[in-house]
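For clarity, chains are labelled A, B, C, D, E and F in written order, and residue numbers in each chain start from 1.
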């Protein structure tokens, strides 16, 4: 993770929640009243967000010390204590909600990714994400997918070529579109094409793309299509695959299964905070 | 909605996805190749995000004209065409994903809010949201809750006082905490207190708060607690209420039921885009 | 105060004054020439701005150590030494003006607020501010009002409802406007209505608002109006009240007196800086 | 004025006041309810802020049309109608307060500057400002001084050299400091030196500075000092000059009188807004 | 080009040069004095920057109309008139320098790229850029390389893997490093490895990378290395290649020649501005 | 240098290169693998950028310790080791390119400036820069010119008046333009006029400007023009002067020679990085 970006984002998120001040805590507590806060899991899942907890509280108040009891990717059981933070009560209370909102979401995505992996249960096929992420949170959500054992598809429109049905229909054909792109794009960019028919798969192979995506195809169709794809071209199935349907893709020789629901429909993992006062005033 | 904020946010979201350029579309299409794109619902739900579509495409390219066929809050059936956009193909393709990501999420929240309202089926009790929103998206998610017929709880730490268990435990008592706050806070700020026992409810009433929240209480407990609360104090039930449990709160005389899952665990409403070329080149 | 916001604002203010460099100090002094600077009051007043001095110099140069001899809200007599800063001469000279500009203004507002309080001399009625603050400085000016013993009215258009003459005239009536707002706004938002006649006061009471403001009314009129207002509705007098007129509002049973001049026409408290060289070069 | 900067600043100011939405107007009025708002002076003074009104409302809502009846620098009598704005009621109400706050402050400064000019009543001596401006508003306040017939001193630490008592004491002498600066600074930067004694004035003249400032000196002292200053060096009196003392500086052969109070202690000029509905719905 | 990014950057650049105002033009000319300005080439080269001229002047002042006589990539002869701008004199003068600075630099890079291409004179080998760009200008400089007929290497650290000597030495070996990366990185990212010896080339081929870079190797060495590289792996020569040395790489079967000097040492193409007054006042 | 601006700029530059993460280093190395990196000059020149190295690595990772072996302005011979950085390998590799890009450019400008100074070889005439800087980098490039022994012309349009041919032609005459400016501009701003003929020089002298610039004039013409300029007016030659032509200006009594090529066409000084692993893991 780019730490400079992490800090900029966390600062933006704190500003959104705190505004000019915390009307509840700022008037009740002074900076020298210390407390201890713990984050605990209220359900089983995969933890994701260690650096959010550390950098988040540090950004709000360098006097807060954070102890992490789990690392990103670790399995959490219901009741596990994830981290302990000690410092000024007012800062612990001020940061709690924003940090929880973020790590609950990230842990939810990591958990769902791991679940999908288990359901797929394949040595060959990898789970990957899509661009169907929450606006402004792609940085965090793609990290969460990796934490859950998944892989990242392209990061945005700027780091890989993906020719979709609309591109191909409008430009004329896969062959023409791929040729045109290759004339303009350098050697460090991968080219993927979306296909829906056997003919398109064959055309894509001949056009010399790096990856072929089977869009909204059944496992049976994919099996048939794959016969035309040489091993040095990466294959990917995508489109409308729900968690329940994931196991149907087991046993295919696919390289990637891309799942939009990992990021657009994950449920937050339930994590709660509890605080106690620390009699001793520190520093 | 504050239009200046809407534009700032949309600009941030487009920058996240587009970066320096759209490697797929920028090299395939020129600015004078026009197309028509439609957004259609692939499932039933409540539409939310009209201004995102309009402002979003306009921000990317003032040459895009948007026609909306539904308004925020309208019910969508599977297959409904939500909007039609006409303009440079390259701009339609560039904006599609970001705008879909946002309106799918907002429509998902609006749909879930309306669902919760129907399940509750109460003339008196209103559904409201919490601060458990996606970091950076509170502006959009609170709007989506209103669009689905729900109400907004406080916007952040800065616009209302909420004394939670941690505040009260650390400060001493509800009475002391409320007194202290009232000495420092002006007349335009509401004060709510979280309660878990009958004694706390009674103490809160006597402390003269504006709202009392029953935290993680059963409908039966709430019924019992409510007897102590005069009508001019607002009541709210909160904490761990899932969609399935919502109907249990029907028939109580409660003012508000606040539901974290509306924003932290909503599933995106499935909306898809389809594009066709427009032979005539417009300018 | 939200420290993240404080730092962002101070950084903006330093950039405004320093630009690319300090043409006077950057070429005269090196980083290892140390000095001691003191801020002293040249007139009596209420001090406000402790954290501005501390965070301000720290932001410019972590090598500067600040010692505060007064706290926010303390009375200053002419000649009092407010703070001592030790560190690189070049950083002390660079930060001096911006920090003085800010604390002089804040102390001026705090002083004026305390003066108004003394003139009012009421056990019941509180002094509060308005939205007539300097653009970009509301965060600091509202804090200064609190420091002077005053209270904050709403922070902006986003955290409370205030129905003014224009709203009411345009919407039809107080009753209609309040009803409409109540149908759309949640329970954590206060509603205040501006009134100018006895009939409006009565209408506002019946509409069930939280606060009633008497706009540009004489103390005599207010006395008469107050008879219609039950104790659980907050009352506020506002509009065109100068410092000289404040005592006329003593003895009324009013809850709040809101004074625009506290922020739009306060004179800066005169505070000056003096620097001496420190022979020893520290590191 | 740099229009790009004007727009950035106005956007920042609107965001401060509006936040996520205008709770009062956004729920009462729709975009197609039109109104007419007028700004009128409630006291005599000098108008300043025409472009703030025009750009401000335009930024909030391009549907608002603004008609200005006065130009910057014009004299306003009590009751004069400054401008008329027509457009969506909701946008007029949303922008009113921020724009008034800014133009009231700017007009207050312009008025005070003109007043000081009249009191000084000199053909030769010009009134100028200082760096004692409100943090974040220097761009506006320096413009207001010019509008009132005054002149701008340096804009910040970056555009001119000003050697103050602290610089000179710490560096050794005026001669040494000026020599050192001249060795490092190019030909497009003016050099001014603060002096308190006749000997310092003589030293400054010999050092070849562009401007000499007489710091906290009486008119009699200045008269005496000026004898040593050749006509091609600019002279300036500064330090602790109140509005009342300005006339004492009449008749001296001074070039500039710099007055900190113009910006740090100006009272806002009272300007009020009134709105009426426009039956016809436009656009 | 991402137009939103273009506008953000141009706004930043104008703010850098204009600051609070243009002391020379803002006081001399009013908004209704119109003029016509032309940009002309004072040397032969490749034009680059059409959208900078159009968007730049439009951003400063929508009243300026721009007519372009050349398109990006066109050859310019000495004396060619590139564009004509008509509008308020004050805006033309204000924008001139920033826009020239940018297009001179971009045209300089495009010209140098085309020159290198001609010197190389190869049907197979493409010229490409590096990350040795001017900080903050990569967006513009990579565009200029494409305009000159070159290709873009990776955009930054985020869109492709490049294992350099330091990575390999520190991680152990090419094989280990590539294996490790492949376990963590998705299918849309290309992997390139820097090699200096024949053994490394063979190791890289066996590790299954997408591209192999020959770092600081002579054409003779490269010829020898290439025998080990199968056609489906892209080859690139890089490191210390000056313009003079480019022709030495002709005739090799290389895919790419990457040249740092294109962006870090290009000379600006000389373009000058001339303005005339337009008697008729428009608008 | 304004350190706050330095940090903002460096942060912007790192974000441009790193984006969400460093795909090569972030997956290979953990935070506790330490290394040592050195920057060495591969050619002779003038070093510029000490604070960029120090602040740059510190910003990326406070665990990196930087040791500088040269100071800004020092001469570098080929092979000189400029600095040693020790810290987490991943942070050294991540920061290397951006920091090199910046200091190579700055050292290139400093080297070229010193070269021009040596070629001019004058006791009287100083070398200065222009506004022909790289957009966004003026802060760094003007510093580099000073480091090379040159001087800064005005910083932008905001800190000095420069009346060019276009201004004069459009306003009428030098006399009129200078008079007009003097009526509006304060005493801390220098006024320079561009001249092309003897008559213009005479007119400028009589108009009482601070500096006269001879635009695109031959040394012979300048010699002739200078006879009309009294010693208290600064003289400057400018326009189309290449490095080769600089010596022709030796021996004239000129104050300044301004050279656009210093910043718009400098070649980067070649500086390279080398890294070794540190077995001991620190901290």
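In this text, a contact is a pair of C-beta atoms (placed from the backbone, for glycine too) under 8 Å apart; a residue touches a chain by one contact, two chains touch by 3 or more.
Just so we're clear, the structure is a prediction, and the values are computed from it rather than from any experiment.
J.: Chains shared as neighbours by chain D and chain F?
T.: Chains touching both chain D and chain F: C, E.
J.: Going only through chains that touch each other, what is the minimum step count from chain A to chain E?
T.: Contact-graph shortest path, chain A to chain E, evaluates to 1.
J.: If I superpose chain B onto chain C using their CA atoms, what angle of rotation comes out, to the nearest 5 degrees?
T.: 180
J.: Can you work out the whole-Å distance between the CA centroids of chain A and chain B?
T.: Here the centre of chain B sits 22 Å away from the centre of chain A.
J.: Averaging only over C-alpha atoms, locate the centres of chain C and chain E and give their separation in whole Å.
T.: 51
J.: Can you check how far apart chain B and chain E are, centre to centre, with Cα atoms defining each centre and the answer in Å?
T.: Roughly 43 Å separates the two chain centres.
J.: Mind pulling the chain C residues that touch 2 or more other chains?
T.: Where chain C meets two or more other chains at a single residue, that happens at 18-22, 138, 155, 158-160, 184-185, 189.
J.: Once the touch criterion is applied, which pairs of chains come out as touching?
T.: Touching chain pairs, listed by label, come out as A-B, A-C, A-E, A-F, B-C, B-D, B-E, C-D, C-F, D-E, D-F, E-F.
J.: Spell out the part of chain E that touches chain B in their complex, as residue ranges.
T.: 1-5, 8, 138-139, 142, 155
J.: In the complex formed with chain E, which residues of chain A make contact?
T.: 126, 128, 146, 151-155, 158-160, 184-190, 192, 210-211, 232, 234, 236, 255-256
J.: What does chain E use to touch chain D in their complex?
T.: Counting only chain E, the residues touching chain D are 11, 14-15, 18-22, 26, 59-61.
J.: Residue numbers of chain B touching chain A in their complex, please.
T.: For chain B paired with chain A, touching residues are 9, 12-13, 16-25, 27-29, 33, 35, 89, 93-94, 97-98, 100-102, 104-105, 108, 131-138, 156-164, 166-167, 169-171, 177, 180-181, 184-185, 189, 261, 264-268, 273-277.
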